[in-house]
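Here the chain labels run A, B, C, D, E and F in written order, and each chain numbers its own residues starting at 1.
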Amino acid sequence: MYEMISKVRRDYIGDLARQGKRVDGRALNQYREVSVEVGSIKSAQGSALVKLGRTQVLAGVKIQHAEPFADRPDSGVLIVNAELLPLASPTFESGRPGEDAIELARVVDRGIRESEAIDLEKLAIKSGEDVWAVFIDIYALDHDGNLIDASALAAMAALLNVKTPEDEAWTLPGLPVTKKPVAVTIAKINGKLMVDPCLDEENVMDARITMTTIEDGSLCAMQKGGIGCFSREELEQAYELARAKSVELRAHLG
Amino acid sequence: MYEMISKVRRDYIGDLARQGKRVDGRALNQYREVSVEVGSIKSAQGSALVKLGRTQVLAGVKIQHAEPFADRPDSGVLIVNAELLPLASPTFESGRPGEDAIELARVVDRGIRESEAIDLEKLAIKSGEDVWAVFIDIYALDHDGNLIDASALAAMAALLNVKTPEDEAWTLPGLPVTKKPVAVTIAKINGKLMVDPCLDEENVMDARITMTTIEDGSLCAMQKGGIGCFSREELEQAYELARAKSVELRAHLG
Amino acid sequence: MYEMISKVRRDYIGDLARQGKRVDGRALNQYREVSVEVGSIKSAQGSALVKLGRTQVLAGVKIQHAEPFADRPDSGVLIVNAELLPLASPTFESGRPGEDAIELARVVDRGIRESEAIDLEKLAIKSGEDVWAVFIDIYALDHDGNLIDASALAAMAALLNVKTPEDEAWTLPGLPVTKKPVAVTIAKINGKLMVDPCLDEENVMDARITMTTIEDGSLCAMQKGGIGCFSREELEQAYELARAKSVELRAHLG
Amino acid sequence: MEKPEKLIIDGKRLDGRAPEEMRPLKIEAGVLKRADGSAYVELGENKVLAAVYGPREMHPRHLQRPDTAVLRCRYNMAPFSVEERKRPGPDRRSVEISKVTRQALEPVLFLELYPRSVIDIFIEVLQADAGTRTAGITAAAVALADAGIPMRDLVSSVAVGKIDDMIVLDLTKEEDQWGTTDMPVAIVPRKKLVSLLQMDGNLTEEEFKRALDLAFRGCEQIYQAQRQALKEKYAIKPEGE
Amino acid sequence: MEKPEKLIIDGKRLDGRAPEEMRPLKIEAGVLKRADGSAYVELGENKVLAAVYGPREMHPRHLQRPDTAVLRCRYNMAPFSVEERKRPGPDRRSVEISKVTRQALEPVLFLELYPRSVIDIFIEVLQADAGTRTAGITAAAVALADAGIPMRDLVSSVAVGKIDDMIVLDLTKEEDQWGTTDMPVAIVPRKKLVSLLQMDGNLTEEEFKRALDLAFRGCEQIYQAQRQALKEKYAIKPEGE
Amino acid sequence: MEKPEKLIIDGKRLDGRAPEEMRPLKIEAGVLKRADGSAYVELGENKVLAAVYGPREMHPRHLQRPDTAVLRCRYNMAPFSVEERKRPGPDRRSVEISKVTRQALEPVLFLELYPRSVIDIFIEVLQADAGTRTAGITAAAVALADAGIPMRDLVSSVAVGKIDDMIVLDLTKEEDQWGTTDMPVAIVPRKKLVSLLQMDGNLTEEEFKRALDLAFRGCEQIYQAQRQALKEKYAIKPEGE
């Protein structure tokens, strides 16, 4: 996701950060406008379009029969896939998912998997032979920064939107979603931490940390990114931010 | 299939077309010499080598057991694959089939499939479990233009050449071939329509239209190619040409 | 495995060869120091680290259930794979095995397969359904020439090191290894034959011939490499060398 | 699902449309911020997004052409756009559609104005219900205009087909599956030239002519909707460009 | 294997270690001849090899950057390094680990000194028992130093985790599989900065702080062992660089 | 099929040949129009086509070599050339054969005459019955001559083998499958130098020498047929070049 950015612009954003300001006028702990629209894709069992400012991510959920993994014969299967579509950014290319798309998918996956947001044990049908597989496909449509939080929110909203299929032998009253993990990404620029980096900020940030928390405020997943570092104190401060903002974001999950 | 061609040559062929003439002296509605030689490949159940002038295409048919598609449990399987071999042209490259090879295979496939030239229902063996799969492999050996017509003709000739396998539990008296679709490709150069473009003509043509017809003269498949356009009248004129020439070509199928 | 080498160096090694000398002071029929260390990788059922001078190759054996090939329902499966790891040489690249890695794997494979070193018939479990598959993975760690001999030796040493798994339903007292094929590679430089070429020698050699022999001195596999040629006499001389040196190498197999 | 006994009952199709009636159509220009141009098309249950990038420098360089820009096109279906989840990545069908889509659009562009450049068209099918390739071409033409790329004209596209021996406009998935014939067409509207034509199924001479008639009329409706969408986006200029 | 009833019994872990105790650690620098720098790390049953090539000219050229060297990293597991043979080639896990490993190491390098160049780090896991990514980073840092590449500091890495509700250092495969939480950490030791942090499982605020404490202490032990390995290799210079 | 009890009965092989007898051989030069050179070889039931393109400019450029042309070779089997349909695309066997074929032919070429160029050899097996790699080399050598590429000599190639403990020339598929040993050989005829040698199976010293004898004699027959084919193509010149 390397994008050229001029030194002037870089210095400008860095100077703003030093003063606790941001390029789009937000406070350091302020998200862009968040919108979550569910159910627009009828060919998916569940779907959600999330906008963080100009960033747009569409997530669709398909639930299909599958064979369980050999080492977990009584457990459903969760598969998260992310596509950084070339229509979303001039820096995204066609072809198999690269390291950024893979990291994105895996960070979203871990938030859902590790919080046990879906009770995969309930998705078994016939031990060792047949289980429900939940595919979450994340489709980045317009990239203006912070695809991780938008994708994690879209994935959860799409899961919560799942309608029990009527026309097949669906074996459950509904998809057993038991938790609402929410990812909050914090960028570090010139020593200042700020939530929900926009693209300009991503292009100049030293590093980012994504902290995914559940309803009780505990962590279920973390991922540091970027080539800079965090001090111990910064990590603890980031956790405070993540906990606070996750409440706001979770409210959009209804 | 982009080949460099000099402006002089381009203008020459264009000027000829304007006068209703062609670079190799043919009439606009005249094919190059057509030859069809069947059965030369014994490792195939059926095979045919078709020559259109210097263009050479070899098609081989293999028939093997396969699982049917889930949505058609009682239907045999037809698979058409085309290889634009690098030995056939300096512009063909090794590697997985590109868009030209895929288009070629799909145009041939549609002519056979949509005319129901093979009665796939007769190729079922055990519902949902076992059917006959008919593989048609198209091998372009020497490319001097109009690979589509040569390939479609070779594919049909190879199908008609299929010998019932003796050494396995073949379940039918013969391959149930019921129709003889024939593809006729018409190129447009400087507003003139002409059949069976040679390579020089393909390199300068505005557009081409392939019309595949069956014995009764009705259409079973069409495919426009190239970056030019056709008027309504030109399309109707092309259809007349295609119907007329298909009779000639079909005669080579015996 | 093309490496640039200066003309001066090339001439120097060629001149030495003409005098029957080698760049590292060895005799023409002398191997570099050979070391074989088995069993260091506990996650493999058998393993061996072979050093030929500075060349290091690690081979690991995994034995797993597999389906037999359709045409050999009562035969175990042998699969040899070689990775020319990019950490082993500046000329090795990441990605799928190239022609050198494939040739290496296939030469090692043929030595083992054709000598019937493993009695694959004994690895059947249930006819047509279940057999033992023996995977030999060859890992080139440090490339200073003659990877073939090092790999073949490592593969055999790893096979001989296989411990019968205790924690699964292993159906045999041990892996049925019945022969010890050994590959000896002879390089030709300026008309002189020499065993165990180091990297400098490989980079200037005209050609190489690998001769794999079993205990009774007979050949089970050969592979000529490089763009030069051998005369009949040279081939017979090479065979003498191979037979003599295989005894030395085989001694390292214990 | 089961094959219905008839696809036309009392002159009406299963979704209540008349034979020559198009499904509800919605076109919106400029829906993405990063892309140089974009458009969103809904045609019945089809939802298609198109984006245009360029003209921009072509990389890698050996693909540059000294005398012209290169036009590239990628048609792609979202995994969740169809009944059975589609594995990501191009299949043979999408490779062919990408090619014919590119050739359907190229006649209206002045590629020779931008030597050594590339113009990229990306079409994403978010929800599919037959006619996605034609909806994609319709969307892409609007996205090209939205990107400010000089064009001779728009390109307007729709499919016609044959069901129960009748030529009809704009097939649904059900009609495509159980009907006889599908014929996607794209037209350069002002000159009434056909830039895309494919067909599979069966058409007699009479039917072919009737299908062409209907396709031209359908494309005209598409064209008006495309112009309207561009007008709405560029409200100050009364004429979309 | 079966899930054990408890992972900590009488304050000892299944392999006899105390909660804050690391597995036996062995680091060796300069183990390969062809590579510009290399290192071998054993941590318990983990066996990891790292090699560094570069700075060298970047090919193909269009990947060169005029103002800086590019750092590339490949983390890879040998087919025989795990219980079930791993198919050769990168999977999604190794692609992600390669990326975070590169980002964990880049902060200590002066890439701007080598414009148009590339530095390649290759990490091969020969035997795996949980903690391979952190062992790989530890090995790679030593290999970079062994290659003589100027560095601000080493990078030291180890994982902490939660098993039986207790925060412990350096999980085994068994503890990783049956425990609650895995948190790999890499630290730039002198400035005490975190250059890699991942976590999956569950941690309360208190546990997170305790896990960070333990990670810092573990990395300090790693750091001393890295310096010792470099000292032994470059015995004449008493201080590894 | 079932393994036959014997492969040689009363001194005759299953197809009636004597042990030292080659299958019927047909070679034709210049069978393709687009290729710079081409040849078709039938050896028993083997049907093999070879084409040569070049010397031509090498793309991409970073693969060019400033001091020499690069020789590339692709050996490929048609899907319908074998009993069970072969999936298109290279497998490990064909990658290896492509490599040894290239190395078998390179000794007779003057690649240094064409710096920065590439010569491409494409070999297509249309019907296979054992011995396709040697038939491919035989065809490629004729195709190179047909392309007018300067050559020191032709290359002639055939396999020998061991069946029922007897060394025989030119194995059929049946003999290859049920026999003991297969040894493909290519020879530069005038200087009697071996440019391809592979073997799998079992050979004692005596057998090896006998196999070499037979291979040299077989290649001599191939060589005469190659020269004859070139003479026929270039009838005015009495000596093929």
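The criterion applied here is as follows: a residue touches a chain if its C-beta (ideal position, glycine included) is under 8 Å from a C-beta of that chain, and two chains touch if they have at least 3 such contacts.
Keep in mind that what you see is a predicted model, and the values were worked out from it rather than measured.
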> Along touching chains only, what is the step distance from chain D to chain F?
Replying inline: 1
> Quick one: which chain's Cα centre is the longest way from chain A's?
Replying inline: F
> Quick one: which chain's Cα centre is the longest way from chain E's?
Replying inline: B
> Which integer distance in Å separates the CA centroid of chain B from that of chain D?
Replying inline: 26
> At what distance in angstrom does the C-alpha mean of chain E lie from that of chain C?
Replying inline: 32
>> Could you pull out the residues of chain D that touch at least 2 other chains?
In response: 60
> Contact residues on chain D for chain A in the complex?
Replying inline: 32-35, 38, 45, 47, 49-51, 53, 56, 74, 76, 78-85, 88-89, 120, 122, 124, 126-128
> Which part of chain A faces chain D closely enough to touch in the complex?
Replying inline: 40-44, 47, 54, 56, 58, 60-62, 64, 81, 83, 85-90, 94, 96-97, 135, 137, 139, 141-144
>> Using the touch definition from the top, list the residues of chain B that touch chain D in their complex.
In response: 99-100, 102-103, 105-106, 110, 113-115, 209, 217-232, 235-236, 239
> Quick one: in the complex, what on chain E touches chain F?
Replying inline: 59-61
>> Quick check on the complex: what are the chain F residues that touch chain C?
In response: 92-93, 95-96, 98-100, 103, 106-107, 183, 188, 191-205, 208-209, 212, 216
